[in-house]
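Look at the two complexes coming up: chain A is in both, with chain B in one and chain C in the other.
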Partner chain A sequence: MIRLERIVKTFEHRLILDHIDLQLEKGKIHGIIGDNGAGKTVLVNILSGVYQPDQGTITIDGKPVRFSSPKDAIRAGIAAIHQETQIVGKLTVAENIIMGDRSGISRSTWFVSWKNMITESERILNQIHYPLDPHRLAETLNLGQQQILKVARAICSSPQVLIMDEPFTNLSEQEIKTFKEIITSMQSSGITIIYISHDTDDILRRCDTLTVLRDGQVIHSGPNSFLGSIPPIRELLPIQDAFKYPRVPTRPGRKILEITNLKTGRGVHDASLFLRKGEILGITGTLGSGKTGIIKALLGLERILQGTILLDGEPFTPKDPHHAFSHRIGYLPEDIRKDWLHEDMPFSHNLTMSNLHELHGRMALHPELEAEAARRYITSLKIKVSRLDEHISQLSGGNKQKVAIAKLLFTDSRILILDEPTKYLDSSTRIDVYNLMSKCAGEGMAIIFISTDERELKGMCDRILVMKKGTCHNFFHRKETGRSFPLDLYTAPGEEPMGQSLNSPTRGSTPQRMESE
Partner chain B sequence: MNIQEENLRLVPSVVLLSVLVGAALLTAGPITGETVRIFVQSTVPYGIIAIGLYPVMIGKHIDLSQFAIADLIGALIIVGINTQLPIAMIIPLVLLLGALIGLVNGIVVARLRVHPILTTYCMSLIIKGVMFIITKGRLVYLDSLDFLQVGKSTILGIPTPVMTLLLCFAGVMYTVHLTILGRKIIATGSNGRASFFSGIRIDDVKIIAFMISGSCAALAGTMAVAASGSVATGLDLSVNLSAIVIVVLGGTDLLRKGNPLGLIFGLLLFWILERSLIQYGIDEHYQQLFKGIVLLMVILANNGFHQLLEVSRKRPGSADEQNQTLEHSR
Partner chain C sequence: MLADVRVKKIKEILLEYKHIDINTLSSLLSVSMATIRRDLDKLEQESFLVRAHGGAFLNDPAVDEVQLSGSEDPYAQQKREIGILASALIDDNDIIFIGGGVTCLQIAKHVKNKKHVTIITNNVNILTELASNTEISLKAVGGDLEVVDQCLTMAGDISLETLSHMYFNKSFVTVDAIDLDNGYFTNSPQQGKIIRLLQKNSDDLLIVADYTKFGKRAFSYVGELLMTRKIVTNIDLSESYKKQLFESGFQLYMTFDNQ
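Right, the complex of A and B next:
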């Protein structure tokens, strides 16, 4: 039994956890849910020794413990899979698994026994019934396999308690299924699982107990009552379905972008599409379907072998993101922490980064203009920052995404390309983002919305393009009368194999990396 | 508010600086204008090199070819003056040459993706080689000592070399902290990938940073000749490393972003340290030893102090009420 009593944690004078009391019984699955910024991740970090609480105590089986580092927590039998746990791409699967804890494989302090490392990692992978070649380089795994690798690393130290923070982000349906089986098998071997998510449906079905956090406080904690569909918890969870997709239909204007028979070096074989002002075009498809390939071509990251891009009727051959931005094509990358935000720079500097000319006075950058822009976006996007020069690294995930979007809007682009803009967001922040998209479309911007979430695509888009094996597989149009789209996106009629693909999703499904620096 | 915190990081440097200055004043007896002048003049090149290094280091790169550039430019100036070319023509030309060498450095680093340490070190070897060919391995002197008058002259009552240093400082700081280019340099150092996707041409930004460093090195070479009339001393890599130390002392390192005031403190600290060791009459053989130890201690103190600051910031209750929160009520 793990007990948390009166846990308090503040950052920068902001109260993140406000006297949290929690009891976690052994061998059960405990769910913790809440909005972005509710304090879920901080709670995990306290349990796993990354942060130390300002006040309060943690007791395990009645004995008070104090973790001054993650190592202490692991010694006490608590392992965590953090949202940000990194896989080291250039190391093998075995090395990634054994990384944290070498005690099981070697008696010597100084030397590594490679043979033991391989056998040990195979043993762990067998334990979760997920065979991976231990010699494989981690970077050749797809995201789902990498997620499982993180689990393997966490249980390497044979923990009593396993904490998983948002383990399902990025995974496909199939991978989520495998993952759930792993969780169930671990639970049956007596491991306590603490499971953090904002995907409410999922968690409600799985957990034995449920804790709901809001603004750093526990607002509900107890046995999972979802199975009986008892209303109170539903009410605590933020969203009513009807308000989820606040799309105000707009009448599309003239064609602003037209791509015909595009073929690029990698991924895209033959793609044609057009985009009109005031329209939201959804693009979806599995990994390797070429949906990001089109965008890479638009940003000049991928060589165009065939086909034309017309921008406002003029031929346009993009050279690099700078070139695209100067033609007012704005792109918001999927991984905003790596590809979009400057974590150690102030909020206001991040906001204005892509459109510095806006701030330029006669001689120098104008700090007043910058501050004014920052304040404007704080109000309109409800961004929670304590100072204009607060570093981005100190903001919560949802706020980072808002800053990212604000930065894109500040570029004053007429075409917005949003690559999975809601992936890491809780439902209330998602709605903020959808509202913004709707507003932008209403103002006449054209939006390309890349997503793999069928519901949000159907809720938000005017048209949806399904990509398959580098070609445009199917277009769906919103029905004139209703909000609904006619068909299931992924199992449309007329589906047939489109010939051999270079990117079969099973084999070469390494996430395609955008060209770096 | 952030700026103030950044400045607080310099407290250990400032304390050490004042101790050293105090001690130097107490022990050294009368300091004549002449000794100060000679001292300042001989250290101006270090300062200019460090200033040139600042944008490069903010971009998380390093330039080890500056000392060689300075040396080569010094030799070229002497050769130029000895062949009766007008100074007004020589100086712009050599500055241009410095920028050009920086351009090559930048292209190799940014476009060909060679590590900056390798690139600039090889560049320094190449430049030294060229210099040997020009001077045939002999020391070169100014035939007439007119150019030395530049070093002794004053502008608005300030010695010309010091004035050059100050202008250089102002120029670089203006560029880095107040212009679009500077913001882009900082951004590129902070997260190159994100900068690229934000529409910054990061290769160009890196190249320009190296060009600034190259031209500052050229200017440093010019000042060195104006001070001594020869390149007899032969600058070596240690000059460059000292410049790195100066920048780091000022609170900029390869991990954090820079602070304009810090550079000045770093420079002063370095000067005084160098000077006071001589003043105290410490044996020449031990000076290096002492310098190393003291510098390491200051850098450690800086870091430790920084961590102290972070801790006190995170502790609850130590709230300073002046923080106006823009946070929205929930």
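Right, the complex of A and C next:
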């Protein structure tokens, strides 16, 4: 039994956890839900030794414990898969796993047995039925595989308690299935699991107990069956409704981008698409479908073997992301923490570094221009910061995403590429992001919206491109997507698709035909 | 900027905002306050405007109608932005109803570039606003006169009788209070009756309400929260309302502060 009593944590005088009391029984699955900024992640970080509480005690089986580092927590049998754990790209799969706990492979403090490391990591990967080559460099894995790697790292110390913060983000259907099997098998072996997710359905289905956090306080905690019926939970339950997205209709203008028969070194075999001013084009597909490959080619990160890109009617060969940026193509990466924001820099520097030309005086940058820009975005996007020089690392997930988008808007791009912009966000921030997309499209920007959430794609996009195995599988138009047929991401081309709607005559049989209207 | 162009610009601004202060004009046009004062004096001689302390009012009888409450509306800008956003939701060939209140008046002011739109309204200020617009087919609903949020508005049995024979693609109405548990409220019971009728007579009922209307109740109950699922409001709406409305399946349109 793990017991948390009167846990208090503040950051920069802001109360993040407000006297949290929590009891976690052994061998059970405990679900924690709450908004962005409710304190879920901070609570996880306290339990796993990343942060130390300002007040309050943690006891395990009646004995008080104090973790001064994650290592202490691991020794006490508590391992965590953090929402934002970093995989070290330049190390191998085996090294990434074993860095979770080295004690299993070598008794010496000074030496590492590489042979043991490989066999041990293979054993762990077999345990979760996910074979990966232990010699492979972690940076060659896709985000889904990296997430599995985090699990392997967490269970390498054979923990008694496993904390999972939003574990299904970035996973494909198949991987989620694997992941859920891992959870079930670990539960049957008696491990206590703490499970944090926005997927309220899955939490309600899976967990023995439920805790609801709001503004740093526990507003409900108890057995799942009792809680399922009370209002606070029901308020958090997502409602299946594709019509709730606030898209203001726009009249698309001229074609601003046209890609024809694109083939790249990796992932994309034959892709054609166009994008008009004022339009939101959705691109979806499973991992490996080539949806990110197109974007990489557009940003000059992937070699183009065949095909043409026309930007405003002029041939455009992207050399690198900076080249693309200078042609006013803005890209918001999926992993903003790794690829976009600088955690240990102030909010205002983060915001403006995407376009320092705006701040230029004759000799140097003008700090007052930076402050003005920062204040402008704080009011217009309702970013919650206490000071302009507050570090990004102090902000909640939803606010980080808003800063990330503000930074993109500051570039004055005419094409915005948003890669899963709502993935980590709770409803109140998501609705802000949707409205912002709608506003940008209304002002004549062209938006490419990459997502695997069918509902948001159908709700927000004028057209949706479904990618499969590196080719354009199908285009959907807005008037069709309002109806409730599946986008059919998971059947491969050539296979017999499910559902009668796919035989619908309005669809057209080839993507090219839909394209040329 | 040439003096002629500047004076023309001031006229445009005044026609849109009805009144403005010298400070704002001077920063908008990037000229000194003294220059603005000279321009305003000139325009006052032309009887285009009336000078007031620190600013000027458009010399237009319609302004008096808008200023019925006598005091400055602190949320005028928010209402204007809602009006712009809501007007973007009108499609070509739509037959729409627009109700009473300043927020609804702002929708009418921004109906532009739409083809074959028919507007039916009980808001007298909308009639004067759109009277000169030849692109729009305009129809009025008669009834008993009420003042709803600074606008002269028709209501009562005559209005209900007229509206009961009509059908709309979209109806835009404003309410005075929205409460998650209790639903929608208006100050006038008569306006509530009209909204209840519109719910039956419209494909889409859209509530336009600035963020200050949320989380409170008013005198007259209109209907439960789920009588419509479309709201146009400001980004300033509280997080808990955004979250609960979005998760209850509401299509929540929000305006951003334009600065």
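Throughout what follows, the second predicted complex is superposed on the first by the 388 of 517 C-alpha atoms of A that agree within 3 Å, B and C clash if a C-alpha of one lies under 4 Å from a C-alpha of the other, contacts with A are read in each partner's own complex, and residues count from 1 in each chain.
Going forward, a contact is a pair of C-beta atoms (placed from the backbone, for glycine too) under 8 Å apart; a residue touches a chain by one contact, two chains touch by 3 or more.
Computed from a prediction, not measured in an experiment: that's the story for all the values here.
J.: Looking at chain A, does chain C or chain B touch more of its residues?
T.: B
J.: Taking the superposition as given, does A:174 touch the first partner, chain B, the second, chain C, both, or neither?
T.: Touch status of A:174: no partner.
J.: Between chain B (first) and chain C (second), which, if any, makes contact with A:52: first, second, both or neither?
T.: neither
J.: Of the partners chain B and chain C, which touch A:349 in the superposed model: first, second, both, neither?
T.: After superposition on chain A, A:349 lies in contact with chain B alone.
J.: For A:245, is the partner it touches chain B (first), chain C (second), both, or none of the two (neither)?
T.: The answer is second: A:245 touches chain C but not chain B.
J.: For A:158, decide between first (touching chain B), second (touching chain C), both and neither.
T.: In the superposition, A:158 contacts neither chain B nor chain C.
J.: Touching A:382 in the superposition: chain B (first), chain C (second), both, neither?
T.: Both chain B and chain C are touched by A:382.
J.: State whether A:432 touches chain B only (first), chain C only (second), both chains, or neither.
T.: After superposition on chain A, A:432 lies in contact with chain C alone.
J.: In the overlaid three-chain picture, which partner chain does A:442 touch, first (chain B) or second (chain C), both, or neither?
T.: second
J.: State which residues of chain A lie in both footprints, the one left by chain B and the one left by chain C.
T.: 382
J.: Where on chain A does chain C make contact in their complex?
T.: Checking each residue of chain A against chain C gives 35, 235-239, 241, 243-246, 248-249, 376, 379-382, 426-428, 430-432, 435-436, 438-439, 442.
J.: Give every residue of chain A touching chain B within the complex, in rising order.
T.: My answer: residues 8, 10-14, 54, 215, 320-322, 324-326, 331, 333, 338-346, 349, 353-354, 356-357, 360, 363-365, 375, 378, 382, 384-389, 407, 411, 514, 516-517.
J.: With touch defined as at the start, can you tell me which chain C residues reach chain A in the complex?
T.: These residues of chain C touch chain A: 85, 88-89, 91, 229, 235-236, 239-240, 242-244, 246-254, 256-259.
J.: Considering only the defined contacts, which chain B positions touch chain A in the complex?
T.: 1-2, 174, 178-180, 183-184, 186-187, 190-203, 256-257, 313-316, 319, 323-328, 330
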